[in-house]
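Below, chain A partners chain B and then partners chain C, in two separate complexes.
Coming up: the complex of A and B.
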């Protein structure tokens, strides 16, 4: 590397923190910061780690306005040209990265305001059957709580906070004498996300759950209240457990695919990426019939289906042209006659949906940020998301995509609200919003591809060219318009723009 | 290789088959001296709602981890088992030391906070002074104002000293701290239990990676441009990627379609499509066969090609 020589002085810099460490702050700030440790610390403390103590001031200071610009200044160059300016710019970036990432998560404020989580990986291990029951209950009664993944919940929250509005779940239906009753339990990704963003302190318990949260205490009481006196709380605190580092949190909460009480690193990266963007994310419930039985065909629907005449199958003569000579007043019958290949028709209620094949299965439900959203009460998800590793999987086969799409509910395109609903209905029938409808598809699912921390989102939709992409209705319109004496501009055509949709090929039958 | 003055042993945490680095000093060290930038993946606690620049941990690719192990500057540690054994062991000396360290950190943090507070107060007072001065200067003659600031500064300096003094005993509640690494808890030396290598040293991906890394190239995952890697001529902080790279085995047949798709795609994003492999070393007389110095390390010569879409 050509830049090594220039790097060396800076490498030494962090070791002599008193001079260089606090370059970011104002000079007067630094002078004050350096003078101070003598006040609070004994001489022994200072001897113990002379350098470290004064460097730490930098570590805990939250720099305002940390952004990508802090690290990467200016335009990138094409290649190294060996100039001092270039080396300096690089060094500046590296130093900025070093400084920004040296920050240590610190929970300021009084002890009671600190959100604390306790790691109890095996508490709900045997909860299985009850969960299944709850899952089934959800199917019948809509007002039931959504599926909770209780078995995977490994971190119990001490006290409540803003975070528990969107994260965690209290397990209801517990006996009165159970410990930690009414407390929120976090899934591994929720806990790790909170630790990582500096909102929660994760603790390894040295006492049992019964001792920490004795039965009968309201959920607000801090841990170990019944166990110890209130004198000398700091010592007692470490009797209860050990605060864990970020590294330890990763070690405990990240696991292989399918481990109970863990989450794979790829899924966690996607989860935290979406959370950082402000989306609400929940683990998808295990596959059940509920998705399909939510919209049962009512008797009335069945009745109307029976009454509406299905188009008669076209009967062709054994030989001769497809379009028999005759009088055609519109394009519709002509196009119907030349549609030789059957088109894909999305089925709103498949009777036997195929089982999704991992990893192409819905892992997360994602909602756009909204005020009304809560962890227990939320509308159907805005997005269904599967997480795939870039190195370990190939592009999905049609079978995989098909099963993946069919595991999401039928959601056709809803046109933007118009102030004239009648006109809108008319526009819909005339084939407006054509491309929007095709792009939206009848079902859609997102696939997050993760390559060592780099995430790419792709959208797969079930396009229905035979239903949405029919252009000849417009031709008839034009004919009608021309007949009325107006010059109908010939619009439409366009390229086959259906991306990834399963019916992309089949849809060609429209011409 | 010759050891630098301060030889670091980078701890590569293996968590569920993935390779993470948590120590910022390690991250900066391997970036500076071993050409490994890898990917920052964590949420930054200072600014947790942005996705542009992320924080620790850094996720290494298996090839990068293997390179550090081969060079002897890093070791792979199985984080889960090490943590569990220390946290659940009966012997609590390590835990005690860790807690002691933590307490020290908390005390330091407390001091830092107090300093910050004092600084802010001082700044406010200074601002007030500055704001007061011009007002007075504008309002009256210099003779009268000369006396006033003196009394002003006296009155402000009084509360300044009084508010600093009582803060010195930071007894009651120290701020809680979540350290980034468990370095104070876990042993820093590599554990005796030999872990399997991140990637076999003979895999074509590793051979090509090692070759390009030794030439000063930086790698990031290739997902953004549809290859195995994006290859940079230097630190990605400064440079754009020059290549999108794929690896192949020496005798592996490369589908023509791969060349066309990657070649076109690479050209479209102003990158060359690079691929290469290491010639398997013939038994024995490999040194005489390949006069080039690139193949100094074991194995045969590495050949690298770059393809550009002609677009004729």
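Coming up: the complex of A and C.
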């Protein structure tokens, strides 16, 4: 049995259709920017992918276009058993590994693919960004732009490239005479991610932004063009600034929680891990009330609520028994009567959602890899993610997890599509998909628990046993079926039904 | 040659399977024994849904349905209705079971067999004190003594499944080993051919060189083969076993050996761990005449064997010596017995730790793995007992001091001076005779098992359903529910608090009861989940029908701001703990549910207790369920 359930071949989801993109020959910048898992597997992908740490390198050599997911590990040989076949296999693997490791990583040679970012930490310090209301964009007909975190953007990109399709943000609404107009500005995690991948060089400017990117120059011009004038004399680029090492980039861009223009190490690790796995990740915007489309109760509703009497509270004997001795025709009155504790009713539209308590707050919005996603136009996120440190935090308390869940939208379970909607409705009422509904929950959120760089993602979901998990409604028919001699209920049949059968080999030790 | 090996191996494997089946079916009962046992066989089997029809110990009396197109159904309905009017059935719950509160085990004991069955079948309450859950010790005991009754007991089925799994694993390992042997033979043949043709001295080739280019150096394989037995052999015990008779790597000889499955733990332990140990054992055989002494001093204790394999090498001379040593109290008995001490055969099931009678002509190293494989029954070895009368214990034995229900064979008399004297109880003595294939009748076996309800289950039955009455053993009077609550609460601490102490809202019993009541009132069957590292497991219908899908961890929560003014202890949980629990549960295909219990603040709780007792106070506990699952980034993109 594999130690990590990521490695279980039975559980691997089918591969997404491979994009007919650049393949193995694509530029590294391209691969970096898109980070798609469907891209051809380059050597650096293989080395960087944590799951690929113990891949069978022979498979890799044979099929260069294969995704890391399809490469499966074989049976482990724990000892040498003295056959030449085994020794040959080992030797082949070694040779393949050497071949893979000896791959020389080269930056795509042409000048236009080299990205350069300039570190200007204080340029947007005083920028005031309006938290845009959710419904505004569509109503006024103008394009809705997601929140930009402009104050945190500290690195300006020189030139435009494929990377700016997914990363960075140009600050719009600037006057024409502002320097570096229309250029893409990167958040610290975006910049550091690019630097770490070797796709971008981070430079420390020796001149001011106005000198590097004078107003009026189109965004494509490289830095310093407007500075020296129009003479064709080659300028020394080291007069403009100095390139920074990866260590310096980390020092400049990683900071404490809440520092402007920096990001905490844990969050960066989660960000880069997700990006490398092919997800699209954006920083979550600050909370805005309009995220929850509150539907105020109408006057009529309020009026009817006032008129309909609240159900009379059932009086119980103080110390039981709750069930009064008597004749019962069905289990419904019995179970209604012993329903003593208040049950949780998920509220699709909470009027006053509690404020999330750090670190249990949504930090990132995560999308699965898809072709349609761009940084400005994208569907609602697939996942909402909070990042916590394993050492400094504990599993959430009720208040923390409640506030965290309430900051995500209501998304109940959608049963698999059936061509007969009526039948589907019927199945829902009969309590099918019981486990699936309970496990999916009404809201769900991801929590990335980072322990010294090792990331474990946990999914927390708001279950509603009081609504989805009511079982006593079936009891009457179960009893009737048993009395009639049939095997009643959904799972009544078969003496050996419950044991070992459908779960196969993995059902070991399960009761 | 390889084919012959395979055929042999398969045959022996099948034999082993068959023998294990016979053994697990309960002793030496042959297939013909079924006829004799016709009186003992269980009544015709009811479908499970019928046995476990009721979800709680309360019956319902639904009226027949009325079909408008069938007027007779109306008559049917009227008759049923009138019948219930004039001859009303006893008000439900019609049976109030009696339980005894046992403070030592913090549980409520049920001894009446009817109540035991009723509580188990109607809602899966409680567990048998000697069983995993369903109280079936008696059934298992019957099965062990030859009745056909208990083979369907879940414990027996588990045991059988484990046996099959062990067997399958061994078969697989054997197949792998045989494939390797075939490969090695083929390579050896190729190499021999190459040697004959080439006749070149290859001594100049260094070994390192041959490692780097194995295809260029055909002798590589031979070198590894030569180095193998001394280097490893720890992982593949079978490999070591197959080679144990041939310390020199004579491949052809070991390939033809017939292999038998060393499946039991004792056999596995008995396998030699390394070649060095193998040689040591062989040399120990030489220094056979050693005198047995009781191991009292530290030197002797240290010199005691550490594993079953050692033990065997150790105890063989001791046993042969036992007859003459004056220090052994059992000497007289053994001396005057039938002399076949080497056949303890306690119950005709296990053959004892293989003590071959002819130990002199049988060489040690071959008998160890092959001889042990004959009896795959599980047993445990006793190490430090100077007497050899009982070396095996069965899992189903009750943990009482007079454990020797299965005594040695019939021909032997009870030694009066042995350290293991058992109480001479008549029924057990009678039951011993089943080693002669005479099945025991159930009336002769006393059911030593009782049924125990956890405090939460008992309080649910008392407080919610009124189907149980808990009796104080000392006074013989039923304990009223209010007193029972304080009793359970005070016993949810260790050491138990004084019974008159006031209730606190964050009492562990109350919090767990709130969760228990919550799931029970929804129709789930909660059972204790300590075996899976959780507080509760919840079953959709019950452990007989399905696996539980969810493991529940109870998380007390103090979100009421009034709690800040009251002393309370919040349990500190870590992420590592949560990941561990989740990992364990996902291995058994269960989901983890964190159940947050929002505990009311003491003023609220006390106010509710004053106004409406515990019924009112329980309404102040609110329950939130949060599903927790590990999310794999590799699988969700």
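Structure notes:
In this text, the second predicted complex is superposed on the first by the 296 of 511 C-alpha atoms of A that agree within 3 Å, B and C clash if a C-alpha of one lies under 4 Å from a C-alpha of the other, contacts with A are read in each partner's own complex, and residues count from 1 in each chain.
As a convention for this text, a residue touches a chain if its C-beta (ideal position, glycine included) is under 8 Å from a C-beta of that chain, and two chains touch if they have at least 3 such contacts.
Since this is a predicted model, take the numbers as computed values, not measurements.
By the touch criterion stated above, A:281 is placed in contact with neither chain B nor chain C. In the superposition on chain A, A:390 makes contact with both chain B and chain C. Residue contacts after overlaying the shared chain place A:170 against neither chain B nor chain C. Of the two partner chains placed by superposition, chain B and chain C are both touched by A:80.
Of the two partner chains placed by superposition, chain B and chain C are both touched by A:273.
Of the two partner chains placed around the shared chain by superposition, chain B is the only one that A:254 touches, whereas chain C remains out of contact.
Residue contacts after overlaying the shared chain place A:456 against chain B and chain C alike. In the overlay built on the shared chain, the residue A:246 is in contact with chain B alone; chain C does not reach it. Residues 11, 37, 78-80, 273, 277-278, 390, 449, 451, 456 of chain A touch chain B in one complex and chain C in the other.
Residues of chain B that touch chain A in their complex: 13, 15-18, 20, 22, 24-25, 27-28, 31-33, 35, 38-53, 55-57, 59-61, 79-80, 82-83, 87, 95, 98-99, 102-105, 107-116, 118-119, 122, 168-170, 173-182, 185, 216, 220-224, 233-235, 237-240, 242. Chain contact summary for the complex, chain C toward chain A: residues 45, 47-50, 53-56, 58-63, 84, 88-89, 91-93, 157, 161, 165, 180, 183-184, 187, 211-215, 218, 220-221, 224-225, 228, 232, 235-236, 239, 462-466, 480-482, 485, 514, 517-524, 531, 537, 540-541, 543-550, 555, 557, 559, 572-579, 582, 586, 588-591, 593-594, 596, 598, 612-616, 618-619, 621-637. Across the complex, chain B is touched by residues 1-4, 7, 11, 14, 28-29, 32-33, 36-37, 39-41, 45, 48-49, 52-53, 56-57, 59-63, 66-68, 70-72, 76-80, 86, 89-90, 93-94, 97-98, 100-111, 114, 116, 193, 195-199, 201-202, 204, 234, 238, 242-248, 250-252, 254-256, 259, 262, 264-265, 269, 272-273, 276-278, 390, 449-454, 456 of chain A. Listed in rising order, the residues of chain A touching chain C in the complex are 5-6, 11-13, 16, 37, 51, 69, 78-85, 87-88, 91, 273-274, 277-279, 315-323, 325-331, 334-335, 338-344, 368-369, 388, 390, 393-395, 397-399, 401-402, 405, 434-435, 438-439, 441, 446, 449, 451, 456-466, 469-476, 478-483, 485-489, 491-493, 495, 497-500, 503, 506-511.
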